[in-house]
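First, the structure itself, so that you have it in front of you.
The first chain written gets the first letter, and so on, giving A, B, C, D and E; residue counts start at 1 in each chain.
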Amino acid sequence: MTSALLYSMAGLALFAIGFFGVVVASHVMRKILALNVMGVGIFMFLIALAKRNPLVVDPLPHALVLTGIVIAVAGTALALNLMVRIHHMDQSSQEQSK
Amino acid sequence: MNMSTLLPAFIVLCPLLVGLAVMATPEHRSLQRRSLNIGGALMTLSLIAMLLSGVVNGLDFETRLPLLPNIDFVLHGDALSLLFVSLSGLLWLFTTIYAIGYFKNSANRSRFFAFFSLCVGATIGLALAGNLVTFLIFYELLTLVTYPLIAHKGNAASIKAARTYLVYTMIGGALLLTGVVWLKVLAGPLDFTSAGLLAELPGLNNSHLQIIFVLLIAGLGVKAALFPLHAWLPISMAAPAPVSALLHAVAVVKAGAFGIVRVVYDIYGVEFASDLGLTVLLAVIAGFTIIYGSVKALSQDDLKRRLAYSTVSQVSYIALGTAIAGPIATIGGLVHLVHQGLMKITLFFCAGNLAETLGVHKISQMNGAGKRMPLTMAAFTIAAFGMIGVPPIAGFVSKWYLGVGALEAQAYWVLGVLAISSLLNASYFLPIIHAIWFKEQDQPWPKEVPKLRLETHWMLLLPPLITAFFVLAVGLFASSAYSPLTWSALIASREYQAIFPNISGIALKYSTGHLWVLILPTLLLFAMAFKTLRAKVIRLIPLAPLPALLAALLVVNEDKVEQSFLLLTSAIWFIAALYAQTYMANDDKRNRFYLFFILTMIGNLGVVLSQEISSFIAFFALMSFSAYPLILHSESDEAKSAATTYIRWVIFSEIVLFLGLVGRTYYAEFGTNELPVVWVSTLLIIGFGVKAGLATLHVWLPKAHPVAPIPASALLSAVMVKVGLLGWIRFLPLGDASINVLAQPMMVLGFTATFLAAIYGALQDNAKTVLAYSTVSQLGIIVASIGFALATPDSWALLLPAIVLFAMHHGFAKASLFFCVGLSSALKPGHKLTPFLWLLVLVPALSLIGLPLSSGALAKAALKDATSSWPLFSTLLVMSAIGTTLLMGRFIELMKEQAILKASSAKPNWRLILPTALSALMCLSYFYTPPFEFKQFQTIVSTLSWSAVWPAFTGLLIIFATKKLRAKLPVPPAGDLLIVYQALARLSAKTWQKIANLNASIAQYIDMTLGHLHLWSLSVSRRLSKQLTLDTPGTVMIVMLAALLYTFLT
Amino acid sequence: MFNKLDIEYDGPAVDKSALSLIASVLVVGLLLAVTIKIVLSDKGHNTGLAPLITQNIELSGVTNPITAVLLNFRAYDTLLEIAVLLVVVLAILPTRDHHAPFFKRIEVSKQNLVLLALQRWITPAVVIFAGYLLWAGAHQPGGAFQAGALLAGASVLMFQSDTYQVNYTSFMARVLLVLSLVVFITIGTALIWFEGSLLTYPLAFSGLLILLIETCATVSITLALASLYSSFIASENISVTDHKHRTIK
Amino acid sequence: MNLVMIFDALLIFSMLTLGWMSIFSLSLFRCIVFFVCLGLLAAIAWGQLGAFDVAIAEAAIGAGITGALLLAAWNRIRPHRTKAIEPNLTNAKTSQKDTREHV
Amino acid sequence: MNYLSSSLLLPAIVFLPLLAAIIAFIIGRNRLQGLINISFSLTQFLLVVLTTLLFLDEQTDQSERYVIGGWGAPLGIDLIVDGFSILMLALTGLLTLLITLYSASYFSDKYNASEKSLRFWPLWWFLISGLNALFMSADAFNIYVCLEIIGLSAAALVALQGNRAALQAALRYLLVGLLGSLFYLFAIAILYRSHGTLDLMQIAETASHSFPDKVAMILITIGLLLKIALFPLHFWLPPAHANAPTPVSAILSALVVKASLYILIKFWFDVLGEATTFGASQVLGALGGTGIIYGSWCAFRATQLKLLIAYSTVAQLGYIFLLFPLSEYSMGVSSFTGSASQAAVYFIVAHACAKAAMFLAAGNLILAQGNGEIAKLKGIAVREPLNVLVFAIAGISLIGLPPSAGFIAKWLLLTTAFESGQWWWVIVVITGGLLGAMYLFKVLSLAFSTDPAVVESPTAKSTAPVSSVPVSSVMTTVALILALITLALGLNAEFILNISNTVTEVNGI
């Protein structure tokens, strides 16, 4: 049970929690958080993958994770922006309706 | 890419391009649109003509484009496709002209004409298709392109109609697609090969082929309006008239029928299909549809819906023709494709004209339309008669070949179907014709367009007239080189190759002897059409029969029977014409009388002169139908009821005759062993029996004769009745012994008629009815002698001249008696001429009774020695004289009463007396005329025997004895057995009514359950979809994940 | 799952419909068991591409293997990744007011001293450290993305005090945002001309080129991430009536 | 079970709990905070596993920027905004009740 | 290596749209905007045509590899172009050209949408570049990045309209997209773990019935099904496609959905062919079948025109998914070369053209009519005859009636179904066609009916206030061109089929 194996299992666990969260959470923010948690999970699996062989560290997964992180943040930003604009739309429509 | 590969493509492309071009023309540029349309139509027609000439002299035209892996888009011009292409090309031209006239100033015409030419383009493509896939492509294109046409008006009714049309055709298209794909997978590329593709392909399992056949036929059946799939046709009558004209006469409906022909012949091959038992299935469905369509048409009041239902039944003729696996039936089916197209398009044009100019949509509103729109209604009548199958016109040709084909394939039930459907056709077309011509206009036209120079816009009038002309021409010149009949025969010969019989025997050739005789009357007939010439023509009418009379007297003719009949007919027609000049002088409806007088004359002379079966039936039908207005002339109530009974019996006789003659021609041509000749002879006997007053079939005679004007009733009983006898002589196989089983009943019927008619006639109170009954009794004698001839075939040589002699005698005597009835006013006692007039009455009466030295005695004597081998016959013959004397005595009593009653002061009219005198003279001296050359003077003397005298005295004794008794007896109604028949008719009508409202209630029940089902399914779907908004898509996704896990890992 | 996207709803965290709860627990457990089984089975390639990368590291012009992979071996991925970032920035940027100046300093009356102090001390340190990170990327852990993110962090700090306003839709901002993608593409396509196929750096200049790309990338990433953040803060692009009352707790 | 193994186990356990809490904790603000902590712990974990580049990136972007964005977004959708304008309570309640079913 | 794999062409196809996006972003709002974009789309189209011609005349039936950075397969990333991808590239090129023409006038000032066009054009070009990159990429992770570009830019484009429904649809679309991509990323990780390389060809060589490969295949299938919107996971597609601006919904329905399908086909048949089982393909087929029925049923009951067309996309996708059960399973490995693949390829092309034409025509009708309500379309044929005609032609192709490309596709599908003996798919396809006819002619019958109440009465609320701007002729001609292409494809199947026939297994070099 090397530490890499432990981490990859943890990564999968995080992925599972994230997926469960996305399916079950009701609020949009929670869904976005869940998606990010899934992302962290996958990245942990990848990084653990890189260290499978204690002697040599495989740099490729690291590059993938780096790109993954940037994409994750981009996706989250867009989702949040849309959420806020929807909320703003509801607010202004409520003001008009009052 | 030379001409032979490009031509089919050009033909298909031309209408499609015209369609697109018209779609692009803006709405207001009507001239450009009109020129485009008509130019396109003409161009396509010329291309088709080129293709036609090419195919005739053997060139092969094929356009082949790669479409799908190992399937090509093939347009192939073979004989069958050309039949349909030329039909649609031709009718497209006329319908375009009609449509331009019809849509004078209505909205979005560009759209209409665009889709119109696209629709024709699709039809031509469909016709030229070389394999089943190309056929399918154009078949579906046709559906798409006809949808906007039906929905053209845009109102709720046409949208609903378009929707139903779509539902049916879409489902049909889907079934066809499945069938074609499945067949393609089984049998590879599906090119149409003339003797059937699947026959030779090895290793195809038959159950699959059967299912595929059912799929294909269901798919095509929708458009061919076979029974369960026909409901869209009547509903889509909401479309404008040109659409329903082209669609239901040519494009859509024919596409289905053409498809069935292609599938049965070029894909399955007829023998292979019949081995699989498929053709029987198709035949049954087609047969049922024919009957169902006609029955439904009966109950429709809307004209276009009635025509729609008649299309439903007519198209199934084609399917029936293909289903009966026989070359002749195929010809019948194929030729009906063209004929039905022509007839139906004429009918729809006329319906469109009525709707457009008078706003008439219902049949009940059509009374008196003939007067307002004579030409359109004439076209309508020709086409309607064609649909019924009246001989010379197109419909008859296809029914004829279908009949013979049915016999060839031993499918006797098909003959039954043909008979019933002709009966039904008559019963839903004749009332319309009656309403048009013979009823007065009882209500103002709903939406009348002001009357122009012509009855309606020339563009609306020309097409129906041309197509009507084509209907007539196709019928009359059926066996000419370029007629559709020869073309279909060519197709059938290519389909059947080896086993194709020579059909020259049953071909319809119209040829009569001494054709020049009919020229003068036909000229007079055409002259009648012009108002100005009408008065002069009426005066010339007596000259019409003279050429025939000269032919009878002067021209040496080896056929004695024809010469004698010709003599009788022409003489009586001449005398009647003279008589009519004065008799009808002050009658207001005399123009109509003279018109039909000439028509009947042509018919009668034609029948006598004709040498061919087809010309015989044609003139026979012409005579019987044109006699109807003569009977109806006085428009009184009894006249109307008499006329209706007369026409009903005529229709019945026509149909029975049709069957009889079909049987006779078939067996004359292809050997008689299969079906006993007895059946054919019975049919012929019944067919001509109606006309010749056979015992139970005579009921129309006593009602019709008294009602008609004197010259007409004279002609009716003297001459027209004899045609039945002529028919028997010509067509009954009197020589051979096989039908002597019929002799017994004939003789019994003959003599019962003679005696019963005499007794019944004696009780009548109207002079003409008495004479009518005397005709019936005299005819009884002829019937009996014919029966005798059947019993002893070898005596026929002797018997024939005797029968002819007797017929001639009866003709002249009865004619002069009828003429005397006309003189009744002049018979008052005390005037110096009355004894002379009484003499004119007594001479024919006494010769009828057969007193010595009279022609009657001579005829009876001839009969006696011809039937000497049977003593009973001659005694009965003598006894018959008693009956005749009874009738004559009663006649004279009535004449005396009338003379006293109408003792008008007017001096006797010479121009009436002269023709009666002439006929009385003819009655005495006819046997000196050339056809009889009686050499032995002593035969006349031999009539002086006692046997000729005692019956007269007994008759006189009975008259005086029963004078008082007869005064007390109530007068029995004129047509004796008619009451029985009418009761029977009422009974069957009641049972039919019960059946009708039984299935009406069933239909209602089905609709109700369907309605509930629909509502229930809607509510279920609403509830389902509420849950199914997948408010838990996540769970669904997870369930899918599980499913995939399972399938992947196990 | 996605049907109820309520934003105001502050109710219980879990979408209570029992069906989805049970099913999801069941299957997620299944998923976990399956994947753990994979991890334990441990078959498969134990070193991945490590040996291959170490062989080619000297050809790549940089010594840090991750930067080599990112900017040389899989340069195409990085290019597309920058494009992704740009897409999101573009989607979020407001479309109005091109004319406002790129950088504006506003004198705000009420100064939050702590914040001001923090800004004054930390921002320069962060900038220097980011520079170092960028430079060290070639041979030690570091690189464009990390430097860019760091600078973005600094800009977040700056925005808190509302003293600086950066207008991301001005021409200058737009050019800077797009700078890295333009540079990357031009270099890539130019290399086709010189070296025969896309993004093959010539041995001599590969180090230099990578550094150039990295710097531009850092600039663009900083601006991109800063604009992402500012879109939530800045009020003008989302006209919210409560502009005046924005108070920070 | 040397010291490093214990540290790893602790780290993993805390990351899992933080992961769970960042989705299903009561209030949204608490979720976001837990998520930022998760980001930091992840950075440490990457360090542990020898991926230093990624550790820095995770710390800067994963915890830094994402955290900042989440907080800013949360700030925009907090119900307090409406209280500031019309402080009456009904308004708050209505906003809560008015959770339209977005089908 | 021949000319294609070394020249500028392949990378240019990806980079040209990127440049176009950058320029559109920088120049912002000015007169030349429409013109520049049209010229870019024209050059893009010419490039694609050139590549297709080059690829065709090489007639080598294998695929062309383009090595980026000179590093070769496992280390660097390669671009690979085979028959199927060339066809998709050509399709993208064509649709880009036409829809750019359409949107040039759609976003012009006439419809006061000019400031929206600022944000539209860059996102549009990023979407196109993503699509092109995806069709050419031969590297698993590279596909992930392309999927992300497409997903994000598509979501942003859907949100362009700005009203609440559009934002809601965009958010849902984005979340679904992200979830799908994460599943895909997880699968790549597993693949990398067991195969040690990210290049598809090399993975294909060592793919086997092993457990990790199967799990990876499951994850990829689930992830991509989410993005393709197959039946049970289709909930996000109708609102997204209905609320997006017309050109966006056209490209979404025609191509974006097909991109993820292309990747699924690539993995299912080429890369992880070993790992797939017949049972699984039946599951996909079943989902496809129910999708056809359900999609058509919802389309029939839809009241908004664009929603109707969106649901018909769901239905049409069902048809393509019948490819999976129908492709021959010779000894367990299914290859993408049988007639089923021809049917699927033809369906994709036919559906793309027809659906794009239908959306554009619908857009024109809605612009002319003022609102998207189907009931309000009564009597539109009088005012907008050409657009109704285009709508009808596109509808005909969707139903699969003869003169159109749809018919050829349906024909090929039916022949395959019969040949492979799975006759039950025939029933599904036929009923699908009939249901399709139902909802198409529901609209057409309204367009034809001249109900006097609506047409003449000026007071009808719907037509009066909303200024129904006359539809610009450019937009109608574009829709017409697309419809004519559908018809042209209907007449000759050889052209498309012999391009796609050069589809080979990725591992068979």
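We adopt the following convention: contacts are C-beta pairs under 8 Å (C-beta built on N, C-alpha and C of every residue); 3 or more make two chains touch, one makes a residue touch a chain.
Small disclaimer: the values here were computed from a predicted structure and weren't measured.
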Q.
Tell me the fewest steps from chain C to chain E, where a step is a jump to a chain it touches.
A. 1
(Q) Between A-D and C-D, which chain pair is linked by the larger number of C-beta contacts? (A) A-D
(Q) Taking the mean of the C-alpha atoms as each chain's centre, how many Å separate chain B from chain C? (A) 92
Q | Distance from chain E to chain B - Cα centre to Cα centre, in angstrom | A | 62
Q. Which integer distance in Å separates the CA centroid of chain D from that of chain E?
A. 37
(Q) Where in chain E do residues touch at least two different other chains? (A) 141, 145, 148, 152, 155-156, 159, 168, 171, 175, 192-193, 211, 235
(Q) Quick check on chain C: which residues sit in contact with 2+ other chains? (A) 1-11, 13-14, 20, 24, 28, 31, 34-35, 47-49, 53, 66, 74, 77, 81, 84, 87-88, 91, 143, 145, 225, 228, 232, 238, 240-241
Q: Among the residues of chain A, pick out those that touch two or more other chains and give their numbers.
A: 13, 15, 18-19, 22-25, 27-32, 49-50, 57, 60-62, 66-67, 69-71, 73-75, 77-78, 80-81, 83-88, 90-91
(Q) Using the touch definition from the top, list the residues of chain A that touch chain D in their complex. (A) 3-4, 6-7, 10, 13-14, 17-18, 21, 25, 27, 29-30, 32-34, 36-37, 40-41, 43-44, 47-48, 50-51, 57, 61-62, 65-66, 69-70, 72-73, 76-77, 80-81, 83-84, 87-88, 91, 94
Q: Could you please specify the touching residues of chain A with respect to chain C in the complex?
A: 5, 8-9, 12-13, 15-16, 19-20, 22-31, 49-50, 52-53, 56-63, 66-67, 69-71, 73-75, 77-78, 80-81, 83-88, 90-92, 95
**Q.** Touching residues (chain side chain E, partner chain B) in the complex
**A.** 211, 214, 217-218, 221-222, 225-226, 232-233, 235, 275-277, 279-280, 282-283, 287, 294, 297-298, 301, 339, 342, 379, 381-382, 385, 392, 396, 401-403, 407-408, 410-412, 414-415, 418-419, 426, 430, 433-434, 437, 441, 444-445, 448-451, 491-494, 497
Q) Any idea which chain D residues touch chain A in the complex? A) 4-5, 8-9, 12, 15-16, 19-20, 22-24, 28, 31-32, 35, 38-39, 42, 45-46, 48-51, 53-54, 57-58, 61-62, 65-66, 69-70, 73-74, 76-77, 81-82, 95, 98
Q. Which positions of chain E touch chain C when the two form their complex?
A. 6, 8, 11-12, 15, 18-19, 21-22, 25-26, 28-29, 66-71, 74-77, 115-116, 118-119, 122-123, 126, 129-130, 133, 139, 141-142, 145-146, 148-149, 152-153, 155-156, 159, 168, 171-172, 175-176, 190, 192-197, 210-212, 215, 235-236
